[in-house]
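The structures considered in this document are given below.
Both complexes shown next keep chain A, but they swap its partner, so chain B is in the first and chain C is in the second.
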Partner chain A sequence: MVTLKKKRAGYKKPLVAVYILTVIFFLQAPALSLLVSSFSADKYFRFPFSELTMKWYVEMFNSGGIRDSVLNSLVTALAVTVPATVLAFLGALAFARYKWRGRFLYQRFLLLPIFFPQMVLGLAQLLLANFMGVNTSWITAGISHMVWLLPIITMVIAIQVYGFDVTIEEAAYDLGASTAQVLREVTLPVLMPGIVTGALFAFLLSWSNFDLSLFLQGVDNMLPVYIYGKMTGGFSPTAPALSAAVYLLSAAVLFIPFWLITRMENS
Partner chain B sequence: MSDYDVVCEDVCKSFGDFNAVENFNLKVERGEYIAFLGPSGCGKSTTLRCIAGHNDITSGAVYLRGQKVNDLPPGKRDTSMMFQNFALFPHKTVLDNIGFGLKMRGMEPARRVKQVKKFLDIVGLEGMEHRKPGDLSGGQQQRVALARALITEPAVLLLDEPLGHLDELLRIKLRGELKNLQRKLGITFIHVTHNQDECLTMGDRLVVMNNGKIEQTGAPHDIYTRPATFFVAAFVGDNFILTGDIKSAESARVSILTDFGCFKVDTTQKVPVKNKQGGFSIRADLITLDTDTEQKFDNELFGVVEFVEYVGYIVKLRVRIDGINNSGQGAMVKQIIVKQNHDQYFKKQLKEGDKVKVGWAAKDAVFLTGSYSVKDVSLYGS
Partner chain C sequence: MKPYENQSQSIKYKNLPKKIKNPGLFLGLPTILALTIFFLLPLCLIVLYSFQEPNVFELGKDLTLLNYKDFLGQGYYSTFLWSALLAVLTTAATFVLAYPCAYGMVKVFPKYNMWLTLLLVMPIFVTSNIRIFGWTLILLKGGFLSFLTGWIPGFQEIEFLYNFPVIIMGMVYIYFPFMLFPVVLGLEMVDDTAVEAAVDLGANRWQVFKEVEVPMSAAGILIGCLLVFVLSLGSMVEAQVLGGSIVTTFAEDIHHAFSYQQNWPLGSALSVILLTITVGLILVALRYVNLDKLLGARAKLG
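== the complex of A and B ==
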């Protein structure tokens, strides 16, 4: 019996490994091909490549259009992250923790924006902006991002709030803490992982947003829209370089904090 | 008022329509160890939280060392609470957890650390200051919670089922430690539990609660030997309880006609007029089982041994008795739990299927009146 069990475990392991690698491959293959083709010297898309080069990266750094759109996306994403996270934090407490009269309706209405296809949401917001006589710019794009992000970030934080043990707050009050002290010493630190995750999500989802930016950006080109424009205007070899660069940057924003935290916990 | 550490005066607490606590009256002297005992939902934790200030009271008053504290928040009352799930701050070290109360009072870090170390010694956790709650065992977490509550030197320590989350051996060990600690510190402890062994061993006085009301207050010995109500008789100890009509009451001896026969109880209480409802309770260890039917008892029944349970220091026998209900229809069956110590058991060594005479003295039984609910009846040996 024992030898039989060992045999079973034997072929399971490599099978699982193959499965995982396949999944990762499918998920990352597009990004990988982007990375690879960004080094191709050809002016149009051709596989296999003729020669490898770094010149598209150089051109990318020199391009004013690229610089502007990167700046626009960055500024918008940063401007969106803080208010979205704060509102989402308060909203998550209202969603998951406190029982109040309008909660049932609130829980449903809050989630509405994510049920729309983003294109439809973007168009609706554009029409609203026109109706109100507001000009579109990175500001309207930012607001539009916030509307869409709020339900998502609220839910991300709410998940943490659901698991939050309220008795530790009671213990803090019992030991003489004021409301502000309880928030600072207990509630916020314990919920911080959720809040940080929410903030990261907010930044990345705004930074990479295409559908809403397309409608609401006005003359302030956002990066995804810029790349789209360049690609539809005929193949531009800087596009893969730019996309690869954005991909690596996003990955860094996502991984570096977690890597640092893991290092801190293990020390 | 100021002689007592805690005074509860007609404390009532309702949640909407639900009356969680009704007319709770208690006076606690300095240095007493009080235990609240009762089933889940009886209001004991709610009352504790009212004393702590975590719950507002609907009516009545709570006094701490003579001062009325109804409107004072928990942080301003001279009480500290130890929560059932310990409620340790998961993100803080043991040092910061225990020192929290002092930090909130503005004590400088250096002095705080000294105090914390002192209390770590008191609870037996030297050297653990830099661990986090997640790294500690249940017993260790409990000690941290205890140190955290005691470091602010409260007048009264309130413990909400502090031993509930621990395994059996640890519970028994910590019972003794808690009691010793209380004696050493000399402060008042109020301890809530549903475990009667805990109550009986630890409390100087018990408050037995049911459905938001106090059933009986008294020393463990009094409550165990002289329960005042049907509920207390059913909940504390193993008692055989029967109810029926009071047939006569002369010279302190009451006769009660039940479905299983007529039984006599000696009592000093004033007995209500004939043909009112009444009952009695007899302790499992005061019932004698006899196969020699010659021996005479004040109260006798015949039954069959159904099950013998060797608990170690005692033997529990379950005896089945048959009766006929008052209207003459339908057989009724009841089971009596009888406790015998080693000598008693091994003298006769009764086994399943043995026919026995069940007997007890009228002076050993306790006369009971008052109402009881069907729910409480299910607590009796059925």
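== the complex of A and C ==
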């Protein structure tokens, strides 16, 4: 690989580093603000706070409404993750691995939901549920999540598939392996990082979805919709605590597996 | 040979089980079916509803263009133009901010690419309402920012919310990761030797950017801009929460028609207008993008 001389490259390394760190700060600033606000004992938000407290966190754990919505969101996210990952794995092979008639069209069709305004998608799916006489519940919400996130995680896995050396698969076939064996012993292990990342993304995107849930959850209140209710209609002091907890939880679910994987790779 | 090209070509059908003649279609079929039923069908319904008489809930036989006339007659086009303005400004600002960041990730600190990507894309996995709520606590009167500016004489008790620039800031904040990641993929297609050659031939930084880097990463830039434009065109919450009521967005009109007015056909017609523009833009732009090359660039780097 050709490395450019510092002077010729036309950038200063520390400057770029400072810029990236500033952007990270800008993107994570709300987390900081929520976390700090969650310890305020005041009924109305004003900084600096008159007193600090942990009571909103205690209240959060004792609230039945929160427990129910957490459970609804968790069940939905888990129920979505499994089928979405399977479909995305197969779909990614069709996307990146094989050349077939209709592939060009398939690639574009698959990308469409990513570009869609979620609210319109949610409303359209509500019309479908109404048309088919189906009552909205966590199941319809889950289906709508899946349609929206399936293309995203198919992309994630497809990026992995592009880097996949197909000759290993062919070698396995030449050595007499069956289709199932090749899948189990070659294809799946090689693509595993992409599949795990895809599954993680599927879980988190369903867990944090608001726009689709709002229209399709019916009576099963999802956590993001519950929090939205707490945020609007005046300031509720539990809202920052709940939001901060959700923010940190998502961060943990995303970072811990990557941290574990890199640790495993290094040892 | 380029790896992304030999990928799909080198497959030999003789090695596969004979039952599956067309493995691509076979593997893609579940996804195609799922998207047809739960994505395409709802869209057909929304198109059908948009031609119904106003205020009906069941599909009837009489079709009408009345709802589309309302778009022009009742001033909905003006909120559409506001949304378009917000989308253009957001796209431009997001690109300007995301490009140097993506450049740093790919060309300056490739070692830390994965961790930087996680840190920068992570907010996507937290409900946007929660994050916007975090911003309101920073920006409102008596919030964190006005506490900081309070030390400056004449800058006490400032309200940073409810103005036009703060809406743009909020939208840039929300859609930044959607620009960043495609641009990262695009920049991974930029060949360092081409940059080296341009520098050897006397190109300055601006010329390298304009003549080498942008053309070589054009596919990623195009996808990023398209994604941000289309998503911000259909956005609502940023303008509502951060902007108060100073701007009504088109998405808000759609939501309003469905919920408060209970006028599904009108809401459908407005949705169809939004979708026609969205889908049209995507399909035209995607004709010029080699997706295999764009998504395969990362594999090429190893």
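Everything that follows uses one rule, which is that the second predicted complex is superposed on the first by the 250 of 267 C-alpha atoms of A that agree within 3 Å, B and C clash if a C-alpha of one lies under 4 Å from a C-alpha of the other, contacts with A are read in each partner's own complex, and residues count from 1 in each chain.
Here is the rule we use: contacts are C-beta pairs under 8 Å (C-beta built on N, C-alpha and C of every residue); 3 or more make two chains touch, one makes a residue touch a chain.
Because the structure is a prediction, the values reported are computed rather than measured.
Annotation: superposed three-chain arrangement on chain A; chain B versus chain C shows no clash, the two fitting side by side.
Contacts of A:Asn62 after superposition: neither chain B nor chain C is touched. Using the contact criterion defined above for the overlaid structures, shared-chain residue A:Asn135 touches neither chain B nor chain C, since it reaches no partner.
Within the superposed three-chain arrangement, the count of touched residues of chain A is higher for C, of the candidates chain B and chain C.
When the two complexes are overlaid on their common chain A, residue A:Glu170 makes contact with chain B and with chain C alike.
Applying the stated contact rule after C-alpha superposition, one finds that A:Gln107 touches chain C and leaves chain B untouched. Applying the stated contact rule after C-alpha superposition, one finds that A:Thr154 touches chain C and leaves chain B untouched.
Centres of mass aside, this uses C-alpha centres: at chain A, the angle toward chain B and chain C in the superposed model is 80 degrees, to the nearest 10. In the superposed pair of complexes, A:Pro117 makes contact with chain C only, with no contact to chain B. Once the two complexes are laid over each other on the shared chain, residue contacts for A:Val190 go to chain B alone; chain C is not touched. Superposition on chain A leaves chain B and chain C with their closest Cα atoms 6 Å from each other.
In the superposition on chain A, chain A positions 167, 170, 173-174 are in contact with chain B in one complex as well as with chain C in the other.
Looking at the complex, you find that chain A touches chain C at residues 1-4, 8-11, 13, 16-17, 19-20, 23-24, 26-34, 36-37, 45-48, 87-88, 90-91, 93-103, 106-121, 123-125, 127-128, 130-131, 143-144, 146-147, 150, 154-155, 158-160, 162-164, 166-167, 169-170, 173-174, 179, 201, 204-205, 207-210, 224, 227-228, 231, 239-240, 243, 246-247, 250-251, 253-255, 258, 262. By the touch criterion given at the top, residues 52, 54, 73-76, 79-81, 83, 85, 87-91, 100-101, 104-105, 148-149, 152 of chain B touch chain A in their complex. Listed in rising order, the residues of chain C touching chain A in the complex are 3-4, 7-12, 15-17, 22-28, 30-32, 34-35, 38-39, 41-43, 45-46, 49, 57, 59, 97, 100-101, 103-105, 107-109, 114, 116, 118-120, 122-135, 137-138, 140, 142-144, 147, 173, 176-177, 192-193, 195-196, 199, 204-205, 208, 226-227, 230-231, 233-236, 251, 254-255, 258, 264, 267-268, 271, 274-275, 278-279, 282-283, 286, 291-292, 295-296, 298-299, 302. Remark: chain A residues 165, 167-168, 170-178, 181, 185-186, 189-190 touch chain B in the complex.
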